[in-house]
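The following blocks contain the structures, represented as C-alpha cells.
Each of the two complexes below includes chain A, the first together with chain B, the second together with chain C.
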Partner chain A sequence: MIGTISYLVFFATTASILAIAVLGLNLQWGNTGLFNGGVVAFFGAGAYGTLILGGTPQDGHLGGYGLFYPLALLGGMAAAGVMAWIVGLLTLRLRHDYLAIATFGVAVAFENLMRNAEWLAGGAKGVRGFERPLRDALGDGFLYNIAFFITVLIILITVYLFLERLVASPFGRLLRAIREDEEAASSLGKSPSRIRLTAFITGSVILGLAGGLYGTFYAFVSPQDVLPTLTFQIWAMLIVGGAGNNRGAIFGAFLIWGAWTASGWALSRFAPVEAQLYTGSMQFVLIGVVIVGMLMWRPQGLLPERLVVSQRGSKE
Partner chain B sequence: MIQNLIDGVLTGSYLSLGAIGLTLVMHILRFANFSHAELLSLGAYAALVFDALVTALAPVLATKLGPLSLTYALLFAILISMVLTGLSAVLIDRLVFKRVREKGWELSMVFASFGMALIIRNVIGLIFGLSPELYSKDIAFAMILSRDPLILVKPDQVFVLVAALALMFVLHLILSRTTFGYALRAVAENPSLAQVNGVNLARTVMAVWLIGGSLAAVAGVFYGLSHQVIPVMGRDLVLPIFAATIVGGIGSVYGAVLGGFIVGIAGNLALVVLPSGYTPSIPFMLILIVLMIRPHGLFGEARA
Partner chain C sequence: MAETVLSTHRLSRSFGPFKAVDGVSLEIARGTITGLIGPNGAGKSTFFNLLTGALAPDAGTVTLAGQDITGLPPSRLFELGMGRTFQIPRPFARMSVLENVMLAPTGQVGETVWGPFLSRKQMRDQERQIRDKAMEVLEFVTLGALADHPAGKISGGQMKLLELARVLMGDPALILLDEPAAGVNPVLTETLIGKIEELNRQGTTFVIIEHDMDLVMRHCDPIIALSEGRIVFQGSADEAMTDAGLLDAYLGTPLHA
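Showing the complex of A and B:
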C-alpha cells in the first residue's frame, strides 16, 4: 500500500514538474507562435544552474557555491533566461525557421558542452554533491517526497495562475495579435520583435524553473537528462493537451507522462528479451505517431484554445 | 592542417548535396524540414539493400571500379535508391505535410517534420538493427599524397567529391537553362503569380521533393562510404545541413553548396584547436556567427 502511494507521489511529482515546463512552452508556442526546438536546453540550464549554485564544493568542476536554495533556483532560471535572450535577440527579427533551427542547435550544443566540459559541470559524470533543501529537518524518506510534491504542486498552481492572468491581460492580447497577424499588430504601433522576445524569455525562464525543480528532485543532473527525448515529450504533451490552453497543457503533461511510463513498463515486462534493446525505438515511433497524428486529425488538441472576444462589434 | 582541409572538403561534398534539397524545400514550402536528414538515411539503407540484391542477382557486377571500394552493383543500387528516396519524399509529403499544410497550420509543419523524423529514424532502427553497416568490408587503402606532412586520401573520397560536383553542375544546368528551372524559381518568388502564368504548382512541389530526395539519397550513400551506415546518422547530420542552408542563405542553391563546404571545412579545421568531442557544436557556432554578421546568409535575401 505505502509502496503504491509512494510510487504515485513520485509519478505525480515528475508529471507536475513536466507540466510546469509544458506551461512555459505553451506561452511560447501556444500563445505567441514561437517554435522552440530546444526545450531541453532551457530546462537543462535551469537544472545545471540550480545544482551548480546550490551544491557543495566539488573537486574538478565549477560550483559548490552552497547558495541559499531559493537563490540557487532563481539563478538557474536566470541562466535559462540569459540563453533565451541571446538566441532570441539573434533570431526573432528573422523568419520563423531561424528560431526553430537556432533553438534546435542550442540544445545540441548544450548537451555537447555539458558532456565534454569536465571543468564546467563534471562532464559525462554530471553534477554531484547537491544537498536537497531542508533534508536535515525532513529526512530522506516518504515525508520528504510528500513535502516536495506539495511544494511542486504549489509552484505549478502559481505558474498556472500567473500565465492565466498574463494571457488575459492586454499583453496576452498583444501576443495573440502578433501570432495571428504580425503586420496588423505593427500597424497599430506595436513592436512584434520586442514582444516576441519578452514572451520567449518568459517562457524559457519557466522552462528553467521546471529544470531546476527536476534537478532538485533527483539531487543530480548529467548529460543523460538533457537529451532531445525530453524536448519531444514536452511537445507531445502540449500538442495532445491543446496548444494555447493552459489547462490543456497540464492535462497533456499528466496524460503523456502516464502513457510514456506505462508503455515503457509494458514493453520491459511483456516484450521478449531480445527485443528489449529496441524498446527505446518503439517508444520514439509511438511519440512520433502521436505528434503527427494529432496534427493531422485534431491539431487543436484535446482541450482546444478558447478564444475570448472581449468586445464584440455592434451589428448596426 | 592540410589533411583537415582536405577532409573538410570531402565532408562538404555530401553536406552540400543534402543541403541543396533542404534549401529548395524551405524556399518553396516555407518550413524548416527537420526530417530531411532522415531522407539521407533512407537513401543510404535503400542502397545497402539493393547493393546486396543486385550482387545476388548478377554476381558479375560485384567487381570493383578500379581502385575504388565501390562496385558496379553499388552504382546501380545508388540509382535505384535515388528514385526510391525521391518517391518516398513525395509520398511523405502527400501523406503528412500536404494535409497539415492544407489545414492552414503552416507553423505546425515544423512539428510534423520532427514527428516524421522520429518515426523514420526509429523504424529504420527497428528494421535494420541499431549497429552500423558498411558497403564494403574490405579495407580501402589510402593513397599517400605526401609524406611530410603526411596527407592521406582514399580513392573513394576523390570519387565522392567528383561525383558530387558533377551532380551539382547538372542541377545548375537544369535550374538555369530549362523551362522547369524558370518555373521553379517563379514559384519560389510568388506562387500565385506563377500559377497565373500557367505553372502547375502541385507538379512543381512534387519535382522539388523528387530532386531533394534523390540528392539526399546520394548524400546518404556518400556519407556511408566515408563513415558508416547507421540509423542515427540523420540525427547527426541534421544540424550540419541546416547550418549549411543558413550560411548560404535559405533558398539559395548555390549558397547551399558553398555553405556545405564551409560547414564541412570548419568542422574539420576545428579539430586542430578543439578536442573532437566538441565537433557536434561547430555547426551551431557557425549559425550564431552568420546570424550576427550576415543574418540572411551569403546569398540569401530578406523575406518574411
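Showing the complex of A and C:
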C-alpha cells in the first residue's frame, strides 16, 4: 500500500516537473510560434546551475557554493535565461526553421560540453555533492517525498496562474499576433524581434525552473539527463495536450509521462527477453506514432487553444 | 499649395536586375485622397512597402511631415502616424476580430511581461478604453457583429475592412490602402468609400492603390500613375480623364465620364 502511494508520489512529482517544462515550451511555441528544438539545453542549464550553486564544495569541478536553496534555484533559472538571451540574440532574427536548427545545435553542444568539461560540471560523472534542502528536518523518506511533491505542485500552480494571466493580457495578444503574422504586427507598431526575444527568454527561464527542480529531486545531474530524448518527450506532451492551451500542456505532460512509464513497464514485463534491450527504442517509436497520429487526426491537440472573446472579463 | 505630408525623392528598389521602383519623386498634400494607379507589376505595392519601411530602398529618401524616415522600421512608422493595409489581407487568423483590432494601439502598459502584474489597475482601465474604442471602430466598418469570430474565418472583403479597422485604432494622419475594394462587394465598397471620405473630411490623408478606374476617378484627386517603376502621369482627376496616352497605354480601357 505505502509502496503504491510512494510510487504514485514519485510519478506525480516527475510529471509535475515535466509539466512546468511543457508550460515553458508552450509560451514559446504555443503562444508565440517559436520553435525551440533544444528544450533540454535550457532545462539542463537550470539543473546544472541550481546544483552547482547550491551544492557542497567538490574537488575537480566548479561549484559547491552552498547557496541558500531558493537562491540556487533562482540562479539556475537565471542561467537558463542568460543562455536564452544569447541564443536569442544570435538566432531570433532568423526565421523559424533556422531557430529550430540553431537551438537543436545548442542542445547538442550543451550536452557535449557537460560531458567533456570536467572542470566545469564533473564531466560524464555529473554534479554531485548536492544536499536536498531541509533534509535534516524531514529526513530522506516518504515524508520528504510528500513535502517535495507538494512544493513542486505549488510551483506548478503558480507558474500556471502566472502564464494564464500573462496570456490573457495585452502581452499575450502581442505574442499571438507575432505567431500569426509578424509583418502585419510590425505594420501596427509592434517590434517582432523584441517580443520574440522576451517570449523566448521567459519560456526558457521556466524551462530552467523545471530543470532546477528536477536536479533537486534527484540531487544529481549528469549528461545522461540532457539527452535529446527529453526535448522529444516535452514536445510530445505539448502537441498531444494542445499547443496554445496551458491546461492542455499540463494534461499532456501527465498523459505522455504516464504512457511512457506504462509502456516501459509493459515492455519489460511482457516483451520477450531478446527484445528488452530495445525497450527504449520501442518507447520512442510508440511516442513517435502518437505524435504523428495526433498531427494527422487532431493537430490542435486534446485541449485546443481557446479564442479570446469579448465577453470574457469585459463588461464586469 | 497645401502642406506636404509625405514626399519621396528618387526612391528606387530593384529585385536582382529588375527595377521595380525606379527613381520615384512625389509629394502628397495633406488632406487629399491620392489615387495610385498603373498596370499589374507597375511597382505600386513595392512603392508602399518602401514608404512603410517593409522594404529598404536601394536609393532615395522618404520624408514624413518634414522628418526623414528612410530606413525606419514599419513599427516606428505606425507610431509616427502612417498606417497601411495589405493587398492580400493579413489577418491574425487564430485571434478574434476584436483582438485583431485591440492589438493595434501603441503604448499599452500590459504589453510587457511584468505589466499585467505590476500595473494591473492601469492595464484594466486601458483595456476597457481600448475595447470600447475597438468596438466603435468595428461598428464603423460594419464588422461589429463579427467581433468574436476568428479573423481567419471571415470573408476576404471583411478582412479588408478589418485591416482598415486595425489601422484606424492608431489614429494615423496618413493611411495607405492597397486595393481596398478588391474582392469587396459593390454595396460594401460604397460603404467603405463613404467611410474613407468621412475620415478624410476629418483630416486624414489617404493614398489608395486601386484598379477600379471608375472608383478612382470619382473619389481620388490627384491621381498618380506608375508604369515599370516610374511615374508616367501626375495630375488632377480631370486631367487624367482626358489624358489619352494614360488611358491607352497604361489602362487599356476607354473611360466614359
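Here, the second predicted complex is superposed on the first by the 309 of 316 C-alpha atoms of A that agree within 3 Å, B and C clash if a C-alpha of one lies under 4 Å from a C-alpha of the other, contacts with A are read in each partner's own complex, and residues count from 1 in each chain.
Note that contacts are C-beta pairs under 8 Å (C-beta built on N, C-alpha and C of every residue); 3 or more make two chains touch, one makes a residue touch a chain.
No experiment lies behind these values; they were computed from the predicted model shown.
S.K.: Looking at the combined model built on chain A, do chain B and chain C fit side by side or clash?
M.R.: Fit.
S.K.: Classify the contacts of A:Glu305 with the two partner chains as first (chain B alone), second (chain C alone), both, or neither.
M.R.: The second partner, chain C, only.
S.K.: So in the superposed three-chain picture, is A:His96 touching just chain B, just chain C, both, or none of them (first/second/both/neither)?
M.R.: first
S.K.: Which partner does A:Leu174 contact after superposing on A: first (chain B), second (chain C), both, neither?
M.R.: After superposing on A, A:Leu174 lies in contact with chain C but is clear of chain B.
S.K.: Applying the touch criterion given at the start, work out whether A:Leu166 contacts chain B, chain C, both or neither, answering first, second, both or neither.
M.R.: The answer is second: A:Leu166 touches chain C but not chain B.
S.K.: Give one of first, second, both or neither to describe whether A:Arg196 is in contact with chain B, with chain C, with both, or with none.
M.R.: Neither partner.
S.K.: One more residue to check, A:Ser186. First (chain B), second (chain C), both or neither?
M.R.: It touches chain C, and chain B stays clear.
S.K.: If you count the residues of chain A that each partner touches, which comes out higher, chain B or chain C?
M.R.: Looking at chain B versus chain C, the one contacting more residues of chain A is B.
S.K.: May I ask you to decide whether A:Gly105 touches chain B, chain C, both, or neither, giving the answer as first, second, both or neither?
M.R.: first
S.K.: Please provide the least distance in Å between a C-alpha atom of chain B and a C-alpha atom of chain C in the combined superposition.
M.R.: Closest C-alpha pair between chain B and chain C: 11 Å.
S.K.: Where on chain A do the contacts with chain B and the contacts with chain C coincide?
M.R.: Of chain A, no residue contacts chain B in one complex and chain C in the other.
S.K.: Can you list the chain B residues touching chain A in their complex?
M.R.: Touch list, chain B to chain A: 26, 30-32, 34, 96, 99-100, 103, 105, 107-108, 110-112, 114-119, 121-123, 125-126, 130, 235, 238-239, 242-243, 246, 250, 275, 277-278, 280-281, 283-285, 287-288, 291-292, 295-296, 303-304.
S.K.: Across the complex, what residues on chain A touch chain C?
M.R.: 162, 165-166, 168-171, 173-174, 176-177, 179-181, 183-191, 198, 202, 244, 305, 307-311, 314
S.K.: With touch defined as at the start, can you tell me which chain C residues reach chain A in the complex?
M.R.: Result: residues 52, 54, 73-76, 78-79, 83-84, 86, 90-96, 98-99, 102-104, 106, 108-113, 115-117, 123, 126-128, 131, 135, 147-148, 150, 166-167, 170 of chain C touch chain A.
S.K.: Looking at the complex, which residues from chain A come into contact with chain B?
M.R.: Against chain B, chain A makes touches at 33, 35, 37, 90-91, 93-98, 100-102, 104-106, 108-109, 112-113, 115-116, 228, 232, 235, 239, 277-278, 281-282, 284-285, 287-292, 295-296, 299.
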